[in-house]
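Okay, structure first, notes after.
Letters A, B, C, D, E and F name the chains as they come in the text, with residue numbers starting at 1 for each one.
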Amino acid sequence: MSVTASSWHAAAQILRRDLTLAFRRPGEWLQPVAFFFIVTLLFPLALDPELSHLRRLAPAALWVAAMLSSVLAIDFLFREDGRDGTLEQFALSGQSFAWLLLAKTAAHWVLTGVPLALAAPFAAIALGAPADAIPGVLASLLLGSVSLSLIGAIGAGLTLGLRRGGALLSLLVLPLAVPTLIFGARATELSIHGESMAGPMYLLAALSVFGVTVAPLAAAAAVRISLE
Amino acid sequence: MLRGLSLRLAEGQALQLLWPNGAGKTSLLRAVAGLIPVEDGQLLWRGNRIEDDRAAFCADLAFLGHDLALKGDLTAAENLHFSVSLRRRLAGGEIKAALDEVGLGTRADALVRQMSAGQQRRVALARLGLWGARLWLLDEPAANLDAAGQAVVVAALARHLAAGGCALISTHQPLDLSASVNRLWRDPKEAA
Amino acid sequence: MIEFLSMSGYAAYVWPSVGLGIALLLLNIHWARRLHGQAKSEARRRLAAGREA
Amino acid sequence: MNWAWFHRFGSPPYFYSVAGKIIPWLAWPAGLLIVAGLWGGIVMAPPDYQQSDAARIMYVHVPAAYVALMSYTVMAIAATVGLIWRMKVAHAAAAACAPIGASFAAVCLLTGMLWGQPMWGTYWAWDPRLVSVLVLFFFFLGYIGLRGAIDDVSRADRTSAVLAIVGFVNVPIIHFSVIWWNSIHQGPSLIRKGGPAMPASMWVPLVLVIFGFTFYFYAVMLMRTRAEVLRRDRGGSWVRDIVAPQEPLP
Amino acid sequence: MSVTASSWHAAAQILRRDLTLAFRRPGEWLQPVAFFFIVTLLFPLALDPELSHLRRLAPAALWVAAMLSSVLAIDFLFREDGRDGTLEQFALSGQSFAWLLLAKTAAHWVLTGVPLALAAPFAAIALGAPADAIPGVLASLLLGSVSLSLIGAIGAGLTLGLRRGGALLSLLVLPLAVPTLIFGARATELSIHGESMAGPMYLLAALSVFGVTVAPLAAAAAVRISLE
Amino acid sequence: MLRGLSLRLAEGQALQLLWPNGAGKTSLLRAVAGLIPVEDGQLLWRGNRIEDDRAAFCADLAFLGHDLALKGDLTAAENLHFSVSLRRRLAGGEIKAALDEVGLGTRADALVRQMSAGQQRRVALARLGLWGARLWLLDEPAANLDAAGQAVVVAALARHLAAGGCALISTHQPLDLSASVNRLWRDPKEAA
C-alpha cells in the first residue's frame, strides 16, 4: 500500500526534525557555546592575568573547554528520545538503527560542534592569540568536534537510561577523547604560532573517519541494549 | 519470565490480554516487537522466523507502548509527519485526515506539549493508522482516556481489523470491539 | 646484609615497589575469596528465605 | 572442529566445578615461579651497569604492566564472546577481569613512578606511555562504574561489553607508544630483534616472574568468575548443592 | 494522634536518607571525583608538559576542575526528588521548605565536596605542587566547596524541571561562583608557594556564611515555582 | 482555568471527581494542596483561611499525585520510614502493620525499584494511612491497578472515612465506596 522511505530520506527527516526542535528552543543549543565562553574565561580569573602568559595557555584552555562543553551537550543526544519512546520507534522502523543514530549525531554536531568552532576564535583572541590564527583555530575545532561528537555518541548510548548519566558519561568519554585533545591542541598551538598545522590536522581527520565507521555501530549496540 | 505460552493471530483478529498487574503483558508485547530478547521459543510472522528478516517484520509492525514517542515541542501534524516519514512517503492531506478521524482535526497545529494526556494519546492513535502496518501491538491503549477517547480507540481498531489487520492488546478494562474475531484472554495460564 | 637492604641508596624506591607487588598479589587473592564468600552466604540466605515462603 | 567443550563451558555448574579444579594447577606454579623469579631478580641478579640496584624495580613493574595489558585484552575477548554467543559465563569472566586489571595497572603506575624519581628525576611526566597507561586505568574504572550503574545483570553485561570492546583501541596504543612517539620511557628490551638487551642472569628471573604473574592472573580471574557465576545463579538448583549440600530437600 | 517531628529530626532523616541512597550506589558519588581527576589530567595533555611550567598553572587547573565537577554533580541535587514527587511532599510536610532543602544540600556537600577536597592534593602533586602544599590545598578546597554547593543549590532550584538543565545550570552557577574561584585559587596558589593563606581563607569563610543564610531561601523559592 | 466552582466537604465524606480528560481535576487538586496558586477565590479549612496557617493545613493534608514520591533504591519499609518521619515520630511496628494492610507485608524489605507499577502504588497507599492526615487529595489513585489493587484503595478509603477523615478524589472509573457520604461529580459545571 505504501512507498517505503529510502534510508537517505529517513536520515534527512531526522536531521530536519532535530533542527526544527532545536530552533523552537534556541536557548538550548546556545548553552554549550555560552558554557564554552565561561570556562575559557575562568582561566584568566584563576591566574594572574598576564597576556604573554595566557597565550601559552590558550590552546589548552580552548580545548579543555571545548571538550567539556561537548561532553556536557552530548548527554542530551539520546536522552529525551529514549525517555519518550522515540528511539524504540526508530529501532522498529525497519531502517538501519546505526544509520538513524548517525543522522542524530550529525544533527547534534551541526547544533553544537559548529557553533563551538565559530565561537572559538573569539575566545582565542580574548586569550591573546593573534588575529592570523583565526582560520587555524576555526578549522581545528571544526574538525576536532566531529570526532568529539562521534565518541560522545558512544558514551551517550552506553549511559542512556541511567539515572545519573552525566558524570559517568564524562568518565567514559574523556579518556577516549584524549587523542583528539592532543592533536587538536597541537594544531591550535601551531596555528597560534603561525606554523603549518597540516600534520595534526591529518591525524584529526583520520580520527573522524575512524569514528564515523565505528561509533554508530557501537552506539546502536549500546542503545538497543538500553531499550530492553 | 513467561513460559509455556502459545498464541496465533489470524487476519482481522484482535486478542486482548486481560492479565492482572505484573503478569507480563508489557513484557510479552515488547518481546514480540523484538525489543527484548526471547530466551526460549520462537516467533513466526507469515510463516517465516522473525529473526531471519527483521526489517520485513518491522515494516508490518506498529507498536504503541506506555511512552508515546511524541515530541512536546512539535505540533501534532509535525509529529505525525516526522515519524511516518521514517517508514513511508506521505501523500498530501493524509495527516489531516488521520487527525480528523481521532477527533483532533482542529488541533493539528497545536503543540503536543500543550495537550492533555488524553489528547496526546489520540495523536499516537492517529499515527498508528498512518503507518499502515498489519500487526498492531498496543500496551494499555485506553489508559488516561475518558469514554469518548475509548470510543476513538475502538473505532480505530475496528477500521484496522476490517482492513484485514490484526492486533495484540493489553488492557485492564476489556475494550468492546464488535469484531467477531475479538478474543479475551484473562489468565496467562489459559491457552489462547 | 645491610648493604643488600640499602640497595646502593635506592632502598626508598626498590622496597616500596616490592612491597606494592606483594600487597597486590595478596590483596587480589583476599578480595576474590571474599567475593566468593559473599556470593555463597547470599545464596544461602536466598535458599533459606525461599524455604520459609 | 568440535565445539561441544565450548558450549559445556557455558553452563554455570560445569564451569563452576571445572574451574574449581583448574585453579590449584595455576596457583601453585604461579607461587613457585614468582618466588623463584623475585629471588633471582632481587637477590641474585647483578646490579644494572647504568641504573645499579634501582633496576630491580623492573621485576615488579614489567610483569605488572604486562598483566595489566593482558587483563584488558582478556576482558575484551571475554566480552566479545559473551556478546556474540550470549554466554553468561564469558560475561562473568569479563566482569572478573576489571578489578584485577585495575589493580595491576595501579601497581604498574605506582612502581613506574617510584622508578621514575631516581631515573628521570620526577615521579610523573606527561609522557605518551605513562598517559596511555593512566587512560587504561580510567577505562577499568569506567567499566566498573558503568557495570555498577546498571541494575539488570544482563543489560549491565552487554552494555559494559560494548565499552570493553571500544576501549581496546588503547591497548596497542600503550604498547607502541614508545615507538610511535619519542617517549622518555624505555623501548622494548626483552622481546626484540637480536634477543634481550640484558644478560641472562637478569632476563631469566624477569621471564619467570612474568609467567608467574600470568598464571596468578588466570587463577584469580577464575576465582572471581566462579564467585560471579554463583552470585548470578544464586536461585539456581545447582547452587543448593554447593552452599548447603547436606540439607535434605524441603 | 501523633507526636509531630521537630525540624532537627526531619533534617536528620533527610541527611540519613540521602546518604543511604548514595551508599547503595557508591559509583555515583565517586564519579565527580573521577571527573575531577580527568579534567586536571586534560591540561597537561593539551600543553607542552613541563612540570615547572605546569606548577604555575596548578591552582587554575585545580579550581576550574573543582568548579566544573561541582556544577556537574549539583545538577542531581534536586532533580530526582523533583521528578518522583518527593519535593512536592517536602513542600506539603509542614516543615520549613528552605530548611529541608538545606539538609539536602548538606548531604550533597558531604558526598561531593569532601571527596573532592580529599582528591585535590593528589592532583596538585601530579601538577607539580610540593608535598608541603597538601594541607593548604585540602583546606582551601574543603572550605571553597561549601560555598560552591550552596551557590549550586540556587542554580539547581532554578533549573529544576527544565529538560536540559545541565548546560543552563552551569551558565547560572559559574558566574555566581567567580568570587569563590578567585579567592580559592589565590589560597591554593599561596599554599603552593608556601606562604600564609589566611587572607583568602577568611574571604572564603565569609562567602560560605553568606551562602548558608541566603542560598536555602532562594533555592526554596525557585523549587516551589518549578513545582507548579 | 476553572471558574465558578464551590464545594464543601464534611467529616467522613468523600467526593469523587469524574470529569472528562482535561477538565481540570489534577489542577484543582494541586490548587487545593497549595502547589499551584489560586488566582481568584478562597479556600477554608476548619473555618480558617488556609493562607493564614499553611503549616497547620499541611499537617492535616495528605496528597497523592501522579508521582508517587517513592525512591526505587530504598525498600518499601525505608521509604515509609523516611517520608513519615518528616511529619511525625513513628512507633515500632507501625510500618509493618501498614504494609500488611495493603497486602505487601511480605515485601517490606524489597527494593521499590523491583516492584511493579501496581505494587508501588500500594506502598504509596500505605504511606497515606501512616501520615494520619484528615484530608486526602488523591489523583487517580486506582490508575494501573487491577481489581485486587482497586479493592485495596477502596478499603483504605473506607477506613479513613470511618475514622472521620474526608477525601477529594479524581477518577475515571467511579470507585465503589459504600460510605453513605460518598458523592460523584460528573461535570465541573454541575454544582456539588
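The rule we apply is simple: contacts are C-beta pairs under 8 Å (C-beta built on N, C-alpha and C of every residue); 3 or more make two chains touch, one makes a residue touch a chain.
Everything quoted here is computed from the prediction, not taken from an experiment.
Between chain C and chain D, the least number of touch steps comes to 1.
Chains that touch both chain B and chain F are absent from this assembly. Judged by contacting C-beta pairs, the busier of the interfaces D-E and E-F is E-F. Taking the mean of the C-alpha atoms as each chain's centre, chain A and chain B sit 36 Å apart.
Centre-to-centre spacing of chain A and chain D amounts to 33 Å, using the average Cα coordinate of each chain.
Averaging Cα coordinates per chain places chain C and chain F 53 Å apart.
Centre-to-centre, using mean CA coordinates, chain D is 56 Å away from chain F. In chain E, 25, 27-28, 31, 34, 38, 45 are the positions where the chain touches two or more neighbouring chains simultaneously. In chain B, the positions touching at least two other chains are 37.
Within chain C, no positions touching two or more other chains are listed.
The list of touching chain pairs reads A-B, A-D, A-E, B-F, C-D, D-E, E-F.
If you check the complex, the residues on chain C that touch chain D are 4, 7-10, 13-14, 16-18, 20-21, 24-25, 27-29, 31-33, 35-36, 38-40, 42-44, 46-47, 50-51.
Residues of chain A touching chain E in their complex: 27-28, 31-32, 34-35, 38-39, 42-43, 45-47, 53, 56-57, 59-60, 63-64, 67-69, 72-73, 75-76, 80, 163-164, 166-168, 170-171, 174-175, 178, 181-182, 185.
For chain E in complex with chain F, the residues that touch the partner chain are 1-5, 9-10, 13-14, 16-17, 20-21, 24-25, 83-86, 88-95, 100, 227-228. Listing the residues of chain B that touch chain A in their complex gives 30, 33-37, 55-56, 58-59, 61, 63, 65-71, 73-74, 78, 82-83, 85-89, 132.
Listed in rising order, the residues of chain E touching chain D in the complex are 25-28, 30-31, 34, 38, 41, 44-45, 49, 51, 54, 125-126.
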